[in-house]
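One structure, pasted below without further comment.
Here the chain labels run A, B, C, D, E and F in written order, and each chain numbers its own residues starting at 1.
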Amino acid sequence: MKLLLLNPNTSSSVTERMATAARAAANPGTDIVPVTATVGPPYIATRAEAVLGAMAVMEALGSVKDDYDAVIVGAFGDPGLGGAREILSVPVVGLSEAAMLTSCMLGRRFAIVTFSATLGPWYRECVAYHGLEARLAAVRFAGGTFADIGSVQDEMRETIVDLCRRTIDEDEADVVILAGAPLAGLAATIAAEVPVPIVDGVAAAVHQAQTLVALRPRKPIAGSFQRPAPKPLIGVSVGVRHLYGDDTAP
Amino acid sequence: MKLLLLNPNTSSSVTERMATAARAAANPGTDIVPVTATVGPPYIATRAEAVLGAMAVMEALGSVKDDYDAVIVGAFGDPGLGGAREILSVPVVGLSEAAMLTSCMLGRRFAIVTFSATLGPWYRECVAYHGLEARLAAVRFAGGTFADIGSVQDEMRETIVDLCRRTIDEDEADVVILAGAPLAGLAATIAAEVPVPIVDGVAAAVHQAQTLVALRPRKPIAGSFQRPAPKPLIGVSVGVRHLYGDDTAP
Amino acid sequence: MKLLLLNPNTSSSVTERMATAARAAANPGTDIVPVTATVGPPYIATRAEAVLGAMAVMEALGSVKDDYDAVIVGAFGDPGLGGAREILSVPVVGLSEAAMLTSCMLGRRFAIVTFSATLGPWYRECVAYHGLEARLAAVRFAGGTFADIGSVQDEMRETIVDLCRRTIDEDEADVVILAGAPLAGLAATIAAEVPVPIVDGVAAAVHQAQTLVALRPRKPIAGSFQRPAPKPLIGVSVGVRHLYGDDTAP
Amino acid sequence: MKLLLLNPNTSSSVTERMATAARAAANPGTDIVPVTATVGPPYIATRAEAVLGAMAVMEALGSVKDDYDAVIVGAFGDPGLGGAREILSVPVVGLSEAAMLTSCMLGRRFAIVTFSATLGPWYRECVAYHGLEARLAAVRFAGGTFADIGSVQDEMRETIVDLCRRTIDEDEADVVILAGAPLAGLAATIAAEVPVPIVDGVAAAVHQAQTLVALRPRKPIAGSFQRPAPKPLIGVSVGVRHLYGDDTAP
Amino acid sequence: MKLLLLNPNTSSSVTERMATAARAAANPGTDIVPVTATVGPPYIATRAEAVLGAMAVMEALGSVKDDYDAVIVGAFGDPGLGGAREILSVPVVGLSEAAMLTSCMLGRRFAIVTFSATLGPWYRECVAYHGLEARLAAVRFAGGTFADIGSVQDEMRETIVDLCRRTIDEDEADVVILAGAPLAGLAATIAAEVPVPIVDGVAAAVHQAQTLVALRPRKPIAGSFQRPAPKPLIGVSVGVRHLYGDDTAP
Amino acid sequence: MKLLLLNPNTSSSVTERMATAARAAANPGTDIVPVTATVGPPYIATRAEAVLGAMAVMEALGSVKDDYDAVIVGAFGDPGLGGAREILSVPVVGLSEAAMLTSCMLGRRFAIVTFSATLGPWYRECVAYHGLEARLAAVRFAGGTFADIGSVQDEMRETIVDLCRRTIDEDEADVVILAGAPLAGLAATIAAEVPVPIVDGVAAAVHQAQTLVALRPRKPIAGSFQRPAPKPLIGVSVGVRHLYGDDTAP
């Protein structure tokens, strides 16, 4: 099966890290097709940037020519997730959604550990959006700064291990989620130093996408995730117009 | 004071209706500056369309030249609201947010009445996003179709009055919100037929925007609504790049 | 328009402070009519005192001769608010309600900062009563004592600024509410020292009352905020009997 | 032991019904001392009347000369409960609180059945105040009118049995609470016609009061239920001033 | 009346402690019949052990020959409570349920203090199961180890007094529950050192069981607590088969 | 990989149906090892029976000799799930948990449709246990009776299709879960008649188990899902004693 790994960030180094983590996690026969956003900032970290990230998801979906069996929205915070789920006929899964739901099967309370304070409140909104507050132990973030988003996981390794341990001891977390696409792949390398399961969002998303493809759910033709009726769109690319089924598009 | 009434829908007839309702509601000395989105569908009614609507809000904010004292995001569902609140230094208020918070001062439980079934689940998510589920009596929507978004409030007048009455009787609603920008101004004309207060989103938003301007809250320089640090943006207009403080923009 | 600023506390120095803050905040043409309770303690700080405060609200409403367009219940904790809203045909707004709802438009999570530990749990109940727990970052209170309720805001200025800063840093508050009528007017003087918006309950309540008057909501004749049917009352003043519509009153 | 059965309603026929039900329920050796409010309406049914009811509770507590071991606030909706709990050194229990907590031990979800539509929303607020929404199946009320509050339980017997049955079938209630002091004693007479346990508020309150007396909990001298510090009170009876510890009282 | 005090732990020293506390608390005429589980560990402290504890409850109920008027499930965490409530025609009450519901009448927020860290998360799940999170101030537990479950309350006396005081000061607890059957009876001995009411689970359960017996609720024949229809059971004792009404049992 | 499909019901016809559905769903190379409980009723449908079902899970885990990579608790309601997760070093997933979490990625609100009214309240408790109430649209159950648990899905096919359609129309469900092990495999056959995705618990559980195995989460050695310390157990089989690490077991 072919999974579109869509990075809503415009940083290709982050895409590469995610693609590597995704391929390491995927089943044999699962093909990972990475796509980097062409709209927005190198790394989405705020609500304002998430607006661009959600648009970037739609632009990318409108421009991809390949067929694919499912889509991974590859940014924590899941920008554009609900919209993509409505508009596509294949399954869509978000990085944070996949990480949180998977964590629920590994313990009672999960903590989210990330590398930047600005991400905290946005991630908390994301937990609330998914209705999972009852399962959240804490959101913990590193206070400092980092030199390069592409290598932040190396720079902050020690800090993150320490945050993981503290959230277990102080917040009663049973599971830790390493949050943020730039941390893709880190979970495996620090697992031995953290006494509870660590969930990597990319690996979780790949497996959840495989699950959804395997279950072959039908595209709803009723309810709130049926495909929106076509409307004429202005100010967007032809690709987006086709994606939304705008029958006035050239 | 000058209020930017930003219609995230691309339908100028809806903008006009809202502008009329806004001017009727505004204090003397309040200037309403209507702007119609140049991105997206005539009328936002789904999560997918709200992605475009949020982008439309940013594009409009990036292109407006005038100074203004506050912004009204003129679509129920409040697309892009959180992001605009981060990025701007003036207050921003959303139509549904203003309607719901205002309703809270007029009773215990508010109902949301609207003209299209597809809006129901999206509005419900909006209530949850604002953390106001405990105050929600019900979301009620008309089942049928309508000929023209610009005149839907005339076409569906009877149906909407009936929905208002039923939500009072059956859902214990104390207040009714007429939801959706195309219903702007309808509240006043049906008030005599509905036995509890009806809140018009546009009128509520105008007054809440006036309130926020008058209170002169400082722009946060800490916390999650401080202005995001500048980042280089790609794939967006120069206006948006300036809006986000992208210092590499021309 | 004429706003009745009803202080449920019996301390006229607090009334004066509130009236000054209210007049400073009000629109031109808004007349503030302060009334000091004639029932209860100088300052309401507990559930038991709030029982007296709620009664004081009704006594004051029963004794006021002037016409007015709306009422502000001028004590944090909003004693008697729901009852006054039922019984009056003009809008009623509470200090804490106005502050909290206004704060919701300035950020995601608000903190309540106050000057006395005994107020904390009562304020927390008030947040729960309004169904706004999801928006509350924390209630923070000063631990010490103060010499005079009329000047507590001067005595505790430093402590309160410090509490504001700590709640931003430690509780992820986006907005701070200075709670308690005796702190009326303080927000403006410390705004420059606190890096997020501060909401003053009196100023917020004045503007929300103006909003409600401007929107001209009808008095409900159905639902739970219609005027209670008249019943014979005993043991209360003639003013209260008239207020409640007791048609056996002299 | 001696239990003060305080009726916050001014209707002595309701007091008598409650006293009869209380005596029928009480353990041998438990003495029921009924007191009828001297402030407010014959029957509290709205938020506005509950303000008077709460004051009536304080007036009654301030005027009772007898010693007693615990107090029952004998009105559904529990007016003044939190305040009385602060101010007294003996335990206090409310009718609705006792009924709901007792019901929690008899099933998962309780329904509240009552005789008047105006009571519904106020009771719902009461459930929320006690934090028990998760255990509430429904509030069901009779739609019609009744001739006399003292005999409403006889007039509406059929209707109430029918409501009980419907809430079991349609709302998945495991237990039914007959709510409202005027229904005191009805539970026993209809038990055979309703297929799940029915809880009578008065009987539940008597036993919960006995329980609290037997457990001999200490009066808190810390936390939010310690006795409020004395303050000078105005506009209230000498009895209330003494009750509140006003040391300036004659 | 005769109360079956069923200890789901297999430690008879804990049974004895509980029986002593129960007899000290019970009304005259209430007979306490202690039974020690014959299945499972000396002391239940985890979810896995609670599975055995729930089974132990059923085995004990299936083997008891005496008549009894109500059952107390004598372990914090209430193993098997819901099932026993379905299957028996007499009332059943759990230790934690009784403690928490009783605490709700003594203050707003209760804290749970216990002697072992492993108990914390399981107790928290128990609070959630009962839908009482809104009333929970905190779960606090001692960090260390103890020599003997039968004397843990003596060994840890100082630590527990300290935890009680800290939860009042730091978590705004109004009431403290001493949790865990091995702490039965401790509340009385430390009451003078803790400035708010302390609730002993055994004493609370005895009184709540007395209350339920006195109220004589009918066994439901509808709803989710009616007796399950008989089914053939395998792999369990004859006593359990009879208990469940298995009419194929010898 | 080898998945233990543990049926906590003692009905082998149900085990066979589940095994068939599991094998149809599993990836190539995944081996399904079905085990039927040897303790309890043919079909678990109440809280009381779930106590036996949880014990049956432990007995089965204690008696299985094979190695396996993960365990599926094959009954809706997830009896014994938390305990098994603590005690085992391999992942464990429950049927309802897997179905609900998977559904969360296919829409906003899921409905649970089942074949027996007695299951409704127990399933609702299960949703609450997992903290997923915010995602639940409704629990709908067929009212009638059925001849044979092994063929209930054939007998009730029409009824279940009808319930699915009604929950979409009336409860705004985006996804439907067919609940109860006896319905395993039905989803595929009715998919064309239901306009939204249907989730089969067995298929979801197989894929979630595969996901957890693939992610290779470490067994926690801290937090609340670490393996309980060994304790001497009585009254249980030697297999269970070994399972729990009872080092006094023969």
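Criterion: contacts are C-beta pairs under 8 Å (C-beta built on N, C-alpha and C of every residue); 3 or more make two chains touch, one makes a residue touch a chain.
Remember, predicted model here, so these are calculated numbers, not experimental data.
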item	value
Steps in the shortest chain-to-chain touch route ending at chain C and beginning at chain B	1
Number of hops, chain C to chain F, where each hop joins two touching chains	2
Which of C-E and E-F has more C-beta pairs touching across its chains	E-F
Length of the line joining the C-alpha centres of chain B and chain D, rounded to whole Å	44
Residues of chain E engaged with two or more neighbouring chains	82, 85, 108, 120-121, 125, 128, 131, 134, 172, 174, 223-224
Chain contact graph, described as a line, ring, star, complete graph or other shape	other
Complex contact set, residues of chain B against chain F	120-121, 124-125, 128
Parts of chain A lying in touch with chain E, wherever the complex brings them together	108-109, 134, 172, 174
Of all residues in chain E, those that touch chain F in their complex	10, 37-43, 45-52, 54-59, 80, 82-87, 118, 120-122, 125, 128-129, 131, 223-224, 228, 231-236, 240, 244
Chain C to chain B touching residues, read off their complex	25, 27, 82, 85, 91, 93, 97-98, 101-102, 104-108, 130-135, 168-169, 172-175, 191-192, 195-200, 203-204, 207-208, 210-212, 214-215, 217-218, 220-226
